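After this come two complexes, each holding chain A, first together with chain B and then together with chain C.
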Partner chain A sequence: MNAEPVLSVRELVVRFATDAGTVHAVNGVTFDVGAGDAIGLVGESGSGKTVTSLAVMRLLPKAGRIVSGEVVFRGKELTTLSEHEMRGLRGKEISMVLQDPLSSLNPVLTIGEQIAEAIRAHEDVGRRAARERAAELLGSVGIPGAGDQLERFPHQFSGGMRQRVMIATALVLHPKVLIADEPTTALDVTVQAQVLELLHELTKELGTAIVLISHDLGIMARMTRRITVMYAGFVMESAPTVELFARPRHPYTVGLLGSIPRAGADGELRPIEGAPPDLERAPVGCPFEPRCARRIAACRETMPPLVPAADASHLVACHNPVPS
Partner chain B sequence: MGGLIARRLAFMVFVIWGVTFVTFFLSRVVPGDPVRLLAGPRAGKAELAHIRDLYGLDEPLPAQYRRYMTDLLHGDLGTSFVTRRDVTSDIAAFLPATLELSGYALLLGFVGGLVAGSVAAFRRGSGVDAAGRLSAIAGLSVPAFWLALLLQLLFHTQLGWFPLGGRLDASVTPPPHITGLLTIDSLLTLNLSAFSNALWHLALPVVTLAAGVYGLMTRVVRTSVLDVLGEDYVRAAEAKGLTRWRVIRRHVLRNGLLPAVTILGLEFGLLASGVFVVEAVFQWPGLGSYAFNAIQAADYNATLGATLVIAIIYVFTNLIVDLGYLYLDPRIRYS
Partner chain C sequence: MNARVPLLSIDDLRVHFPITKGVVLRRTVGQVQAVDGVSLELSEGETVGLVGESGSGKTTLGRAVVGLYRPTSGSIAFRGTDLGTIRSEDAKGVRAQLQMVFQDPFASLDPRWPIGASIGEPLRIHGVGNRRERRTRVGELLDVVGLPRRMAGRFPHELSGGQRQRVGLARALALRPALIVADEAVSALDVSVQAQIINLLQRLQREFGLTYLFIAHDLAVVHHISDRVAVMYLGRLVELASGSDLYGKPLHPYTVSLLSANPVPDPAVEARRQRIVLPGDPPNPASPPGGCRFHTRCWLRERLGSPERCASEDPPLRGLASGHTVACHFAEEVADSPVQRHAVGAGD
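Showing the complex of A and B:
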C-alpha cells in the first residue's frame, strides 16, 4: 500500500444485546483501504463481514453497538460523529450495495424515484434534474430505453438489472468508498460476471475504493488487490491477494483455499470440518482452536495478535502458522 | 384490469341478491306475526284478513318474493308496517345519522390506530409500545354495549360532561337539511352552536364505535411497520443518506400502511355490527335503530330495506378499498 488509506478500521468491536445474552459479533477487526484500491473481506457465514460493514456505515440494527475501536475516513473518526454528519457521508462519501438486489429496492416506488432520492438526499436539485440524471445513469449501466424504465417498478426488472440499478445508485455521487456486501450472490453465474465487470469498470473510472465482501474466492482473486480473512469476528490473516493465494499462512485460510479447484475456475468456500464457535460466549484463546489441526497449548490460552509474517504486508494471527 | 372490475361488479350484485334472498326468507320463518302486531289485540278475523290482503301477505312465499324483487328492481322497497311510510323515504331519513356516526368513528379509529401502531413499532419494547398494545387489545375485546354503558356512567352520570344520547339537544334548532349530516349542515349554514352541540352528542357514541377499529388498526399497523423496519430496502434507503424522517415517510410508512388499507373492509364489518348496539344504547336515530325496531316488530319490508342498504354500502366500500389497494401496490397492478 502506498498512499494514505482513505478508510481505516482499527480494532473494531461490535456486540449485540439479545434476549439470550451478548453476541460477540466483531472482536477487534482491523483493515485499511487505500484511495482507489480494492480489498476483499472473506470468511464463513457468521464471521462478521456484514456487521463490520454496517458498523462502518453506522447502520447497525438497534441491538448492535460499537463497543470500541475506530473507523477513520479521510482523517475523520466516524464512530463518534453526530448522526447528522454521518448522514451527510452515507451515499455521498461512503456507499453500500447490499446482497439481494430485489429486497434492497422498495417494491412500491419506481426505479426512477429510488435513484433520484439518492441524488436529492445530498444535492439541492429539482425533481426534473434528478430524473434526468437518473435516466443518464441507467443508460450508463447498460439499461436500454432509460427514460421509460424510470417509471417502472422493481419487480418489472430482472435480477441483473436490479443489481445494476443498485450499483449505479450507489456510485451516482462519486463516493470515495463503496462497500459491496456479496453483490452477486443472488444472481446466476453469467449475470454475476457482467455485474462484476460493471462494478470493476465504474469504480476504476471514478477512482472509488471498493471493499468487496464475498464467499467466492474466485471473484476475490479477480477483483481485489488485498484480502482480509475473517473468522468469528476476528481477522485471521491479511495479505495482498496474490501473496495470500500463493503462500497462505493461517490454518483457516489454508482450509478455505483447499476448496479452489486448481484449474482456476470459480470456487465457493469449502466447508471446513466443524462449526464456528458460539458467539454468545466471550472469546478466550484462538476461536479456530477446536477445528485446527495445528493447535498447540498456547492456542487455548490467548488469542494470537495480528502480526507481520514474512514481510510487513502479510499479517497473520496464529501461534503456529503454516510454514511458507 | 377492466375485466377484474367487471368480475367484481358481477360478484357484488350476486352478494347483494344473496343477502336479500336470505333475509327475505329468514325474516318470514322466525316467529312473530306483523299482522297481529299491526291490528292490535282486539282485531277480529275479518280485519286480520283485510290487512293480510292489503300487504299481499296471504300469497304463497315464492309469489311474495317475486313481487318484492320486481318492486325492488323499480326502486320500490315497499311500505313499512310500523311507520306506514315508504321504506325508501324512511331510510333516507335515518341513514344520514348512521353515516355521520360511523364516518367519524372510522376516521377516529383509523387515524388513532395508525398513529398508535406506528409509534408502538418505532418505540418497540418501550412503555409506549406496551400502552399501545394494551389499548389495542382492550379496544378489540371490550364489548361495545359494555363500553357504551361505562362511558355513559362515567362521563354523563358521574361527571356530567356529555349527554346521555340523541343527536342534538331539544333546545337547539337543527340546521336545515342539506346533507343530513348535522355537523356538516351546521357548518355550511355557519350555525356554530348547533355544530358544537352536534359534536358534543357525537363524542361518546363515536368513541364507543371507534374502539374496535382502533384496536384492529393498531395491531395490524404495529406488526407491519415492524416487518418493514427490518426490510433491506429500508437499510438501503438509510445507506443513501436520506434523513430519518424521509426514510420513515417514504419507505416505512408507505409500505407499512398497505395492510391497513386491506383491512379497511374488515373494519367496515366491525362498524356495521357495532352500529346497532351503539345506536340502541345512545338513542341514536339511525339506520341501526330503525332496523332494530323493524326486526322486533317483524316489519318485513323495513328489515329487508335496511339490510339491503347496509349490504350495498358494505360491498361498495370494499370495492373502493380494493381499487385503492390496486393503486397503492404496483405489484398487483401489473400482474
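Showing the complex of A and C:
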C-alpha cells in the first residue's frame, strides 16, 4: 500500500446489453495492487468479480462495455488504449489464468508450440530459443521430463498439469500483474495445494502482483494480503486480510463468514437469508438491503460510498456497519 | 456390534467397471476398481461423511447404496436385509427407504414438469394415496423444505440453485425414507445459500430421524455436518473416525495430507502452519499401485526411508485404541507428530 500501485482500478462500471435489457454487472469497483502484492476479489456468483477482471484485460464479450471508470497500469490508462496497443500489454505485462485450462489451451497444438507461441508473440526470438525457454519453464513448474512433454497435447495432461502449464505460460514473459480467476476451483484439494504453492513461489520470485479471484475464503486467507468483497457489482468492503477476518464491518461480509463452517465454531451456521439480486434491475440503494439484517431507511435510497471504517486501510460501504 | 442391527451395513463391497475396447468385437480389456473392498456401517440417525478426491470411489459407493450400481461382490444390507438377494416384490418397499440427493438438482428434474409433479412422482410410482392426497402431500413437502406452496406450479428453470436443491430434497423425502445419500448436495451452491441448505438438512434430520451418508469434497462442510467421517483413496477406505478425532488427530498419511492441503478461512492458521504438498496426481483407478495404494505419493513412507512393506503388503483396516480405524502399517508414527499438529492447524 505504500508505493505507487502497479494496477489501479477506479470506479469501474461495466454493463451488458442483452435481449432482456441492460445487465449492471459492475457498478463502480475500486481497488489497487502494488508490486509483489497479492490481493483477493471475493464474492458469490453474479458479484462481478470475473467481469471486473475481463474488463481490466479488455477481454469483455461483445455485449459488454466499460461505461466509465479508470484502469491505470503503471501510469497508463488502459480503457482508452487501442486493441493493437492492448495486445502489446496482454500476456506480457498483465497476464491471466482462468479456471478451466482446457478451454484456454488450443487442443490441436502441442504444449511446446503454445508456450513458444506466447514467447514469440512478444519477443523477437527464434523457434529454437523459444522452445528451449518453454522446456526450461515446464521444468520450473515441476513437470517431470519437460523436454518430452513439449510434444504432448493438452488432453494428455491431467487437470493439475494443465493448470501448471497455464501458470507457466502466463508467467513466461515476467508480467507485472497476474490475474488468476478461480485458478484451482476445478482441482482436487491435494492438487490445488500444489498449484497454489507454485503460484505463490513464482510470483514471489518474480515480484509479480497477483489479483486472485475466488469464492473460497480459505484460499483467500492463505494467499492474499488484502481482500475486496464484492456483491452485485459493488465493492462492499476492502481491508487487509487479517483485519477482514478478525473485524468484518459490512453485514454481507459478516454473513459470508457466518455461512462457512469453521473449526471450533460448532452449532448452526448463520446463513444470509434470501438469494442474490437480479442484475437487470438498475441499482438504486444498496443491493444487499433486501437480505440485510441491519438495514435502515437510508439503505433503500442511496448506495453508501466506500469510506474508511476504523483506519484508512479498512474501507466499508455501509450506512449501518457492524460495530467493531 | 451387539444386538442392535445397524441401519445400513456395507460389507466388503466391490464395484468394478469393465473397460471395453472395439465396437464390433467388444472385449473387456481391464477393470476400473471404483470401489474395492469397502465395509462400513451406519447407525440410525447418524451422519457419516465420506470424503476423497476424484477417482476415490465415493460417488460410486453412494450410488451402489441406493441401487444405481450393482455390486460386483460383497453386500449391502438395510436393517439386516441383504439388498442383493431380496425378493423383487419386497425390493420396491426397501428401495423407497433409500433416497439420493444429487449435486445438480436441475439435471435430475424434468424441465417440462412443474416441480409439484416432480416432487409427487415417487408417490405416484409407489402408488401412495389418490390424486388429492398426493397433492396435499406435495404441499406438506414444500412446507417442510421451506418453499411456498404456490411454487408447485413453477418450472425448474424459474428457480434459483438453492430453491432447486430444496425441491430435490422434497422429492427425496416424499416416500419418508430412513436414509438419504447426499452426493455433493451443496457443492454447486454459493456460500450463503449453501449454509441455508446445510441448516435445512440438519433440521430435517432432527425432525424425521434421518440417517445421512454425506458425500463431499469440501472437508469443512463434512466436518460440520458429520458424526463420523470416512476417507477414501482409490477405491479403498483408508481411515474412519469420529469427526473430532479425524479432524483433530488424523492418523492416515493421506488424511493428514488432505487436511494439510485444505486452506482454512483463518489467516493466522494459514500463516503459521507448514503444509505437506503431495507430489503428482492420484494414480489411475484402472491400475492402482500394489501394496498400499497410497505408497507412491506417501510422504510418511519417504520419511521412514521407503520401507518395502508399503509396496508389497496391502495394509488392512485396523482399529486403534484411540477409536480410529486406519489402513496404514505405520499409523503410530503419525500420532502426536509435529506434522499432524501442523496439518490440523494447531501449530507447534
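Everything that follows uses one rule, which is that the second predicted complex is superposed on the first by the 312 of 324 C-alpha atoms of A that agree within 3 Å, B and C clash if a C-alpha of one lies under 4 Å from a C-alpha of the other, contacts with A are read in each partner's own complex, and residues count from 1 in each chain.
Rule of thumb we're sticking to: contacts are C-beta pairs under 8 Å (C-beta built on N, C-alpha and C of every residue); 3 or more make two chains touch, one makes a residue touch a chain.
Not measured: the values here are computed from a predicted model.
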Chain C versus chain B on the shared chain A, clash or fit after superposition: fit
Which superposed partner A:Ala275 touches (first chain B, second chain C, both, neither): second
Chain B versus chain C, judged by how many residues of chain A each one touches: C
Touched partner set for A:His122, first chain B, second chain C, both or neither: first
Partner chain in contact with A:Leu257 - chain B first, chain C second, else both or neither: second
First, second, both or neither for A:Ala239, with chain B first and chain C second: neither
First (chain B), second (chain C), both or neither touched by A:Ala209: neither
Partner chain(s) touched by A:Arg222 [first = chain B, second = chain C, both, neither]: second
Geometry of the superposed three-chain model: angle at chain A (Cα centres of chain B and chain C, steps of 10 degrees): 80
Contacts of A:Val26 with chain B and chain C, given as first, second, both or neither: neither
Which of chain B and chain C A:Leu178 touches, first, second, both or neither: neither
Touching partner for A:Val71 - first (chain B), second (chain C), both, neither: neither
Overlay on shared chain A, then closest C-alpha pair between chain B and chain C (Å): 9
List of chain B residues in touch with chain A within their complex: 231-233, 235-244, 246, 250-251, 254-255, 258, 328-331, 334
Interfacial residue positions of chain A with respect to chain C in the complex: 44-45, 158, 160-161, 188-194, 196-197, 215-223, 241-242, 245, 255-263, 268-273, 275-276
Chain C residues within the chain A interface of the complex: 53-54, 160, 162-163, 190-196, 198-199, 202, 217, 219-221, 223-225, 247, 257-258, 260-270, 275, 277-279, 281-282, 345
Chain A to chain B touching residues, read off their complex: 54, 57, 59, 83, 87-92, 95-96, 98, 100, 103-110, 117-118, 121-122, 153, 155-156, 166, 169-170
